[in-house]
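Below are structures written as structure tokens.
Same chain, two partners: chain A is paired with chain B first, then with chain C.
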Partner chain A sequence: METILDILHELHDDVDFSVESGLVGQGILNSLDIVTLITEISDRLDVQIPAEEILPENFDSAEAIWALVQRLDEA
Partner chain B sequence: MLTNILQYLEKTVTEVPDKLAFSDGEGGLTFLSLYGAARSVGSALCRRGYGREPVVILMDRHPEEIAAFFGAIYAGCFYVAMDAAMPPARMALILSCLSPRVMVCDGKNRERAEALCQSGAFSGAVYQYDDLCREAADDSLLAVVRRGQIDQDPIYVVFTSGSTGVPKGVAACHRSVIDYTEALCEAIGFGRDTVFANQTPLYFDAPLKEIMPTIKYGATTYLVPRMLFSFPVPLCRYLIRHGVNTVCWVVSALTMISSCGGLDAMPPTCLTTVCFGSEVFPRRQYDLWRAALPEARFFNLYGPTEATGMSCYWPADRELDPEEPIPVGYPFRNTDILLLTEDGRRAGVGEEGEICMRGTCVTLGYYNNPQRTAEAFVQNPLNTAYPELIYRTGDLGRYNDRGELVFICRRDAQIKILGHRVELGEVEAAACACAGIRAACCVYDQGRTRLVLYFVGDMNPADLTAALRDRLPRYMLPALVLPLPALPLTPNGKTDRRALKEQAEKL
Partner chain C sequence: MSLPSLTFLVFAALTLLVFWLTPDRWRWVVLLIASLLFYGAGDWWYLPFVAVTVLTTWLMARWMGQRAARDEADLNARRADMSREERKAFKAAGKRVRRRMLILGLVINFGLLAVLKYTGFAVQTVNGITSLFHAAPLTVPSLILPLGISFYTFRSTAYLIDVYRGKATPQGNLARYALFITYFPAVVQGPISRYNDLAPALFGPHRLNWGDMSAGSVRVLWGYFKKVVVADTAMIAVRAIVANAGQLRGIYTVILILVYSAVIYGDFTGGMDISIGLSRMMGIRLTENFCYPFSSVSTQEYWNRWHITMGAWFTDYVFYPLSVSGPMQKLSKWGRAHLGRAVGMRLPVYLATLLTWFLTGLWHGAAWNFIVWGLLNGVIILISNECKPLYSRFHTRFPRLASRRWYTDLCAVRTFLLMGLVRSLDCYRDVPVTFRAWVSMLWDFGSWADLTNGAVIRNLGLSPAVWVMLGLSVLMIFAVCRADKAAQTAGRAPLAERLSEHPVRWAMVCGGLVLVVLLFGSYGIGFDASDFIYGQV
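Our next item is the complex of A and B:
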């Protein structure tokens, strides 16, 4: 979870991602941010996110991203 | 006689009044409601004494924004769209260039409009779209306006980012837009059954590709929610659900889908026509699209805003050699390309020259900026007999053996290192030809006279450098090769070269 928060913080250091939800809904994360997240997650956590899982609900909060990463890591 | 773009709408509304014209996927406007709203807004603006002047439209990207554009044209004015996401400083520069007296906003942007008034950036009147829309259309008033309009009157001003950071407003008239619409439709082959999915913001000239054929033929355009361009599978599902058969998108929107496996996960098989342009399509990604949609027709489009939308097309009607760049092809009908050498001659086959445009497509120039206009809109150097303006794009091109025009690079992207001429695009193409590289952007750090290559892909920088050594002469090898998760984009979705150049100069 810490790594996810680190990555998000590097993208937008003015947002408190530990409490913020609606990252996609409110337009906090743009298309470039999503691509960056996917690449960083692959590099730092060695988890590949397949196209089917690149969905708004999986990126709407730090918690949702962490849940996705855990789920894919266990699979 | 076709002299006004509103004639397209006026003909179509009699043929398919109840057909959906523009939609955001939820609500939408039929041709009749679009026509009604535009005439109401036009009449309302006329009644308040506006005419032959800019009408600033500050609205969210929505079918009603398009109705507001047509409303401004009905009033004999021209529209200038601004976006809520524009930085306030850019808005202020645009407003100071225009000195507009009137602005139309929607409810959501009311506060922003008032903030512009309070900051002094705007000193005219603000009207809300809904209020203007409720007023009755006045046939006789609109008829008087129409009698005074000619096809050389502007219908919009679109602001491009000037290289100096001061935006330049390109003004285009009815005649240029009609010429573009007719030529584009003929070249690509749109019709009443065409269903477009618009990707670009409405404050550029890019959406004319969808808006104009839609009102000409009675086609339908969906304004795809911006958020979907981050999510390949939901985006493709949206296209399929709405039966979209035609997209005219910037390259990065297409590669967003193809580079993460989206074409396998949810192939957008509904598409029969795929137009792309505005920047170079990395060959690997282009090949993925071709393979995923073998029946679809693909078109590379090329053109500057200053020559009204797009000017050239290549119909992807043959296989390309592995390292061959995708040509920009042929000019649209009634547009002539002059490829001019530095000493002002027509370039021969294979010879390099600046791409210049001649024809009705050449726009009126930069609004309130005679100096910049005079630099780019110049007398045809091959004609000394009578006044004839051409537009100099600042792009370099050449003709290949087949007579197709090939884009080389921006004139200012061609640099000299140790006396050797280097084209940044060639370095990028070499990188993109390596397996695992999805995108690349090469910039020149002038202070240290070195090339910096940014890339996106599954390869480490050392391996990429080694691979480039096999493909490029020594003087073209980047001094620094840096991986990025993704290339930064401008609001239009093109690679933000300026941001990367600044980044490279700070390293």
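Our next item is the complex of A and C:
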């Protein structure tokens, strides 16, 4: 979870991602941010996120992203 | 049969009548017959091409659905006897087989689109290169281009991919699926609705109600107003500037950018209003394709508000799969190792953005001006993304600025002008001529006095009275958009919806719009309602 928060903080240092939800819905993360985030997750956590998992509900908060990473890691 | 024609109005009115007189369970059949008649009215030779798309995507999606269900059943039956690794291998094998079918479907349908739409462009490009070596030119073939092929190919391939991903359930009835692809209000210029959104609206129960009828009818008339009063009239001035591109000075490029914005907005959103309004009158809700695009404060926001369903298609089916693909992630790792972390993490985003926008340009038309238009949009989005830390520092320094109305209006004007400048590539349809026109704004601007001494009016083919009518029409659209956007922010319904509560006002608005369209629209003597610009995509 800490790694996810670190990556998000590097993308937008003005947002408190530990409490923020609606990251996609409110437009905090755009499509370019999401791809950068996925590339960083692949590099640091060695988890590949396929295109069909790129859904607003999977990226709307740090918790949702962490849940997605855990699910894909266990699959 | 083009949407702004009187023939279409009669056709739509008859379809509406038969639709509501038919029992609910057969209404989709009425829509299918109407859609095939509408499509065939363009040219009966279009039908075999759309039939190939309907048949191949329906069969392949059905096969993928059945295969996935069989694999799932097999896995459940043998789950207890399999290890975790064996289950993963079993799932991956099934997915590989389905992926082969998906690729075959995509190759057939994009291949058909590529051959019919881009062969001429490819041959012309080859001729351009070989002419440098004085080689004899190849004959440019003249191929049939089925109506709305770019739109129905995207709708059907999205369905195929969604079934492959398990996000859509395959439609078992071929005729119902054919309606989803050929639904006449949306077949020529979208919206590119997803199966999960449109199918329930097409096949679900339809109840005749006053709210849908009143809101839908106002929307249709508003669409006609935007198309034939604003877009078609303003297009006369655009044609005059483009026809004299070599002689006219920079001031005319500025006028072109402003006037063509009215043309494209009136043309495309007007067409959408007609499609969405007519569907609404049949109780069918289509996906909205525009959301106040000229209020956008950035290029990225503009593309989230303009032609929304096309942008979503490219994002979901090109940008994301490409940027998170294995080769792209490997390239990113290689970039980090050899070029540094900053470059490595940007490589997938940059390459995928530029390729996506290249394809977006190519989708808009088989010509270099569309490709350059697409790439320029991609470059602007990347530059503005790189500038985000700068904006962030600026807003930290001036924290109250972002909430000021004048500041957001200023950002919206900047985005509007920038997008208008790039869009002018669409007017000249010639990259060097467009670039010269842009340069003329800096080095050979001309005089603002041309605006006041009547030179512009004389040169652009519209009388002073028509300019006034056009200006007032644009102001009216602007006022309605502002009011609707404010209503949306406040959680209220837009004007067209609220009119249903006041039948007298509804009748007055409809009557007024009909009168304005008949008096000032391009149905008068000497005018000819032209096809929608996106209908030519």
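Following the convention adopted for this analysis, the second predicted complex is superposed on the first by the 75 of 75 C-alpha atoms of A that agree within 3 Å, B and C clash if a C-alpha of one lies under 4 Å from a C-alpha of the other, contacts with A are read in each partner's own complex, and residues count from 1 in each chain.
The working rule: a residue touches a chain if its C-beta (ideal position, glycine included) is under 8 Å from a C-beta of that chain, and two chains touch if they have at least 3 such contacts.
As the structure is a computational prediction, the values presented were derived from the model and not from experiment.
Novice: Counting only touches as set out at the top, which of chain B and chain C does A:D14 meet: first, second, both, neither?
Specialist: second
Novice: Which holds for A:A75: it touches chain B only (first), chain C only (second), both, or neither?
Specialist: A:A75: touches chain C, not chain B.
Novice: Could you look at A:E52 and tell me whether it touches chain B, chain C, both or neither (first, second, both, neither)?
Specialist: both
Novice: So, does A:V35 touch the first partner chain B, the second partner chain C, both, or neither?
Specialist: In the superposition, A:V35 touches chain B and chain C alike.
Novice: Scan A:V24 for contacts with chain B and chain C and give back first, second, both or neither.
Specialist: first
Novice: Which parts of chain A are touched by chain B and by chain C alike?
Specialist: Common to the two interfaces on chain A: residues 27, 30-32, 34-36, 38-40, 50-52, 54.
Novice: Flag every residue of chain A that touches chain B in the complex, lowest number first.
Specialist: For chain A paired with chain B, touching residues are 24, 27, 29-40, 50-52, 54-56, 59.
Novice: Show which residues of chain C lie in contact with chain A when the two form their complex.
Specialist: That would be residues 88, 165-167, 300-301, 304, 315-316, 319-321, 323-326, 329, 332-333, 336, 345-346, 348-349, 352-353, 381-382, 385, 392, 396 of chain C.
Novice: Residue numbers of chain B touching chain A in their complex, please.
Specialist: 226-227, 229-234, 256, 260-262, 264-266, 456, 485-486, 488-489
Novice: Which of the residues in chain A come into contact with chain C in the complex?
Specialist: Listed in rising order, the residues of chain A that touch chain C are 12-14, 27, 30-32, 34-36, 38-40, 42-43, 48-52, 54, 75.
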